[in-house]
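Next up, some structures in structure tokens.
One chain, chain A, links the two complexes that follow: it is found with chain B in the first and with chain C in the second.
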Partner chain A sequence: MADRRALFLTAPGWIWLTVFFLLPCGVLFAYAFGTTSYTAVNFGTSLKNFGDVLTTPTLQTVVLRSLTTGLAVATLTVLLAFPLAYAITLGPFARHATPILLLVVVSLFSAFIVRIYAWRTILGSSGVVNTFLMQIGLTTEPLDELLYSRFAVVLTLTSVLIPVAVLPLTAALSGVPRSLIEAARNMGTTAPQAFRRVTLPLASGGIGSAFALTFVVGAGDFITPQLVGGPSSQMAGSAISSRFGISFDWPQGAAIAFTLVAGMVAVLVALRLLMRAAGMRDRP
Partner chain B sequence: MITRRHFIVTSAAAAPALLAIPSVSMLSLPAHAATGNVVMLVWQGYDDATALKPLTDAGLVVEAQYISSNSETITKLRGGALGSIDVVSPGLSTIEPLVAAGLIQPMDPARLVSNGQLMAPFANVTWNKIDGKLYSIPVAWSDYPMVYRSDLFADPPAKWTDLADPKYKGRLVTLDDESNLRILARALFGTADFATITKAQLAQTVEAFLPIKANLVTISPSYGDIVDVLARGDAQACVLGWRFVEVQLKAKGFAATSYVPEEGTYLWCDNYSIATDAPNLDAAYAVIDRLTSPEGNAIIGAATGSGVVNAGAVALLPEDQRALHPYDDIDNFLAKNPFFLPAPLDESGDIATRRDWSDAWEQVKLG
Partner chain C sequence: MNHGLLARILYATYLAALFLFLFAPIAVVVVFAFDAKGIATPPFEGPTLRWFRAVLADPVLQQAAANSAKIAVITVILCILIGTPAAFAIARLNGRGVRAFALVISMPLMLPTLLVGVTLMAMFSSLGVGLSMWTATVGHVLVTLPFLVFTLSARITSIDPQLAEAAANLGATPAQTFRRITLPLIGSALACAGLLVLGWSIDEFTVSFFNMGGGSTLPMAIWGQMRGGVSPTVNAISTIMLGLTVFIILVVHRLGNIAALGGKTG
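Up next, the complex of A and B:
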């Protein structure tokens, strides 16, 4: 009876999930085994598209580039967002957490594309950074490496995603009881030891969520590489987009997408195992 | 041709161009005014509200959905939109696959007054008729020149292939479009008939483009973005350009030039077609006739920086827009820079197919 009631109460959730996520993803997955001509896409059972993704050097490159870019973005984002989240929960700015968090959220209201173009203004050949470096005599001409490079992609995505990471980190750190930290200190641990053995494990769920959120967005993005990445920084999203929008090769586009998803899952599982091995569990 | 129209509508400079021909919308209605709803699946700008005003004032309701690539027309019509779309705007290479897939219907030339007003080179184009039936009518065309900042780029290449010279490193930008390869193939093999280019020649073209890619600052997703890159000075010249980029740069106060290296370029042309099972056939004809009329075509040409097809539209263009294309010497221009003939859809011996071309561009872009 309780099971039926739970099923009924959660029905809106799983119906929504089925109709708007599982079903479309299932159709997309089915396409990955199909074939195409320029005018028609047919379902099938061939593994050729996955084979092509795994054996074509350019596709291997963009999938790997996506995963490594996502890893770099997620790692940097979590490392930069964590101190802020800590400061407004357990740290010195805890009393001002609400206005600071509001400012963080407000930054999410600005359009993604606007923030990308802002970085172009900052990093461009006549941008703020290059102008400053030349004015102080550190460089004599603009540094080409700043913009239209993989560095620019990672920097832009990191800056865009820090507010996204702050939210789960703040939620996780808010749940760490100060009394446990104080108990650890009373038992003779140093502040860094208490942080490593109490705070970090209890916040590991939020750290994992923040990493997963930013990793998936970073690895799957294709707008940022197009606008600030330059010709050698294109990622899998670009290959997927052109197969659906231009070359009408939905089956291969779907195969690239699911290969990327499989890569993302593998990275996240590895991360979870690493965190466990490091003793970062949010419950005993 | 991915997003040139997208760029158009966001271009502030298009407004003065439109304002320059304010009397156009007041001119006469097409003979067969229509009512009801008409749904267009077109490039943004090909549903221009000013051009359609006489019809909408008479009660026609126009709804538009925009495409960002020619393939999207096929995708959307095949994906369930057939029966709800009246008018589409395929590029010249998309008409054949649309007909093959049964997604557009033959048109009755007698219902299009503007069909009889087309400039001679557009009156008998090869791509509009299949098995003797008319499937589309041209609306806009142009070429692919280089466009550069004249104040920064003092050494334009004599030939397209010269762009591989390392002296251009960090000075070039181009559009994310396989036409980059077609332009180079045109330069290498002297033809715009890409139905004759073999797989080996395509591979040669890719090899020839890689040093040019090494000179690129970035591969932009749209012409609007290219204007931004050039205006910031992050790059000095656009490889696969569009004459409207020159207009846009000049509007921003930069010296700019459109330039075609000595091997020449080739032309693209967009068209209107009527979708199969179009729910409002009368309105579809009325809209197409209006948008290809002298007034309608001039408005679209001015707003998009493209060439017009209606002989009567040339005189109605603003002066700066009229100067973009050599209307006074169009036959010679077309003789040197032909409309491209697309690669075949299906495998045909050693000839590179359309899939081969898009795969080749992917290889260049992503590699």
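Up next, the complex of A and C:
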């Protein structure tokens, strides 16, 4: 009975996801073993595309750069978002959580492309940041490396993704009972010890999801590198999008995509093992 | 726990700096949307509404805005039709099938959006389906559906199932129970989630970029103008889109569901 009801209720969703998500993923995976004549793409059984991704230095570089950029962005994002989430849950601004979260949500729902465009605008050689730096006399010439650099990509993605990290962190920290922290303090631990041994392990689930979410978006992005990155900060996303666009090499694009996803999964699994080894499990 | 004055000051300073980091770039764009020069470089040379008039008069942008609006409305309708029963299943029923469904439905959100856009485009093209507003809409539903389903199922979980049972015991048909009991209880959550999906869809770029074919949407128009060199109207389009976002969030807040997004707080 319950099974039939479940099937009935989930049927529209199953159909939609099967036709428009699972099936396309399968098609793309099949293309990864195919060939292109640059006017048409064909299915096949060749491992050449994956071999090319793993052996071509430029492709190796963009995939690795995606992963390291994603790691840098996720680390910065979680570190910067954590104090905010802490302040509105266990910290001194718990009673003002609603207006603060409202601002975070406004930022979260502001168009990704508008926020990236905004960074591109202020980092430009005659933009607000350079003008300000010259006016206060820190530099005499505009700093060109502010824009079209890896620095700009990491800075922009971090700013754009902080709201994404705030929500799971807030949810996790609001589930940490204050009484447990107080109990630890009463038993003689210092505040940092209580934070390290009680709060962090209890919030580790939320920290993990905040990190994973921002890592995946950061590593898989192709808009930011193209708009604020230079030629030496292009990531796998740009390579994938160009192969599905002008260069019409779907098989290689698919192979880059699946290599990137495999790399992401490997990084996240490794981090999970590291967290576990550091004693950051769900239970203290 | 007591928080000393020093701690309050430190946290307040930190929050101010963080919000500056989040909002200062956007604020610059908004301010220079009203600048006579048309590019966002200081100094500010005097207020004008010229760029907004140019945006409203541009037939290409009108078409893009109409496409964005159509896609967003259809996305919301499809999301609610597919997502509402799905949310009930996830909130009320258990079993391996439902758990597998919850996992699969959240996958488009756990993958880079680029890949969702590209896989969809590759499938449509290999089947000979022409890319259009409709193929883009399919992608919009994929990326917004998990958000709607999980916000809604959180709300449904918090409703006492005995309410619907009581109605049934008093002789209401399942349809009556849904219309008179369940729908009023989930109504505001449904409206909030629907509005947020609407805003998300209007802002969505990546999926449209690969699946629109020759058409354009507002975010795609911004992308196009940015790639095409100096274009003074980008600031104005961005400002209009930001204004819409703020409006939607305020309406959702009025309906009372913003805090639920961050779990139970305060």
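In this section, the second predicted complex is superposed on the first by the 262 of 284 C-alpha atoms of A that agree within 3 Å, B and C clash if a C-alpha of one lies under 4 Å from a C-alpha of the other, contacts with A are read in each partner's own complex, and residues count from 1 in each chain.
Note that in this section a contact is a pair of C-beta atoms (placed from the backbone, for glycine too) under 8 Å apart; a residue touches a chain by one contact, two chains touch by 3 or more.
Owing to the predicted nature of the structure, the values given are computational and were not obtained by experimental measurement.
Colleague: Could you check whether chain B and chain C clash or fit when both are placed on chain A?
Modeller: Here the two partners, once superposed via chain A, clash with each other.
Colleague: Which holds for A:89: it touches chain B only (first), chain C only (second), both, or neither?
Modeller: It touches chain C, and chain B stays clear.
Colleague: Figure out whether A:39 sits in contact with chain B (first) or chain C (second), or with both, or with neither.
Modeller: first
Colleague: Does chain B (first) or chain C (second) touch A:227, or do both, or does neither?
Modeller: The answer is both, since A:227 touches chain B and chain C.
Colleague: Looking at the overlay, does A:167 come into contact with chain B only (first), chain C only (second), both, or neither?
Modeller: second
Colleague: In the overlaid three-chain picture, which partner chain does A:262 touch, first (chain B) or second (chain C), both, or neither?
Modeller: It touches nothing on chain B or chain C.
Colleague: In the overlaid three-chain picture, which partner chain does A:216 touch, first (chain B) or second (chain C), both, or neither?
Modeller: A:216 sits against chain C, while chain B stays out of touch.
Colleague: Counting touched residues of chain A, say whether chain B or chain C comes out ahead.
Modeller: C
Colleague: Which partner does A:239 reach: the first (chain B), the second (chain C), both, or neither?
Modeller: first
Colleague: In the superposed arrangement, which partner chain does A:120 touch: chain B (first), chain C (second), both, or neither?
Modeller: Touch partners of A:120: chain B and chain C.
Colleague: Once the two complexes are overlaid on A, one stretch of chain C runs into chain B. Is it 4-12, 166-174 or 220-228?
Modeller: Stretch 220-228 of chain C has C-alpha atoms clashing with chain B.
Colleague: On chain A, what residues does chain B touch that chain C touches as well?
Modeller: Comparing the two interfaces on chain A, one with chain B and one with chain C, the shared residues are 41, 117, 120-121, 124, 126-127, 223, 227, 244.
Colleague: In their shared complex, at which residues does chain C touch chain A?
Modeller: My answer: residues 1, 3, 7-8, 11-12, 14-15, 18-19, 21-26, 28-29, 32, 40-42, 81-83, 85-86, 88-89, 93-95, 97-98, 101, 104-105, 107-108, 110-116, 118-123, 126, 138-139, 141-142, 145, 149, 196, 199-200, 202-203, 205-206, 210, 219, 222-223, 226, 234-235, 238, 241-242, 245-246, 248-249, 253, 258-259, 261-266.
Colleague: Any idea which chain A residues touch chain B in the complex?
Modeller: 37-41, 57-59, 61-62, 117, 120-121, 124-127, 144, 147-148, 223, 226-227, 229-231, 234, 238-239, 242, 244-249
Colleague: In the complex, go through chain A and note every residue touching chain C.
Modeller: Those residues of chain A that touch chain C are 2-3, 5-10, 12-14, 16-17, 20-25, 27-28, 31, 41, 80, 83-84, 87-95, 97-98, 100-107, 109-115, 117-122, 124, 126-128, 131, 159, 162-163, 166-167, 170-172, 174-175, 178, 181-182, 212-213, 216-217, 219-223, 227, 237, 240-241, 244, 250, 253-254, 257, 260-261.
Colleague: Would you tell me which residues of chain B are touching chain A in their complex?
Modeller: That would be residues 2, 68-69, 71-72, 74-75, 78, 97-98, 100-101, 170, 176, 178, 213, 216-221, 225, 228, 232-234, 345-346, 354-355, 358-359, 362-363, 365-367 of chain B.
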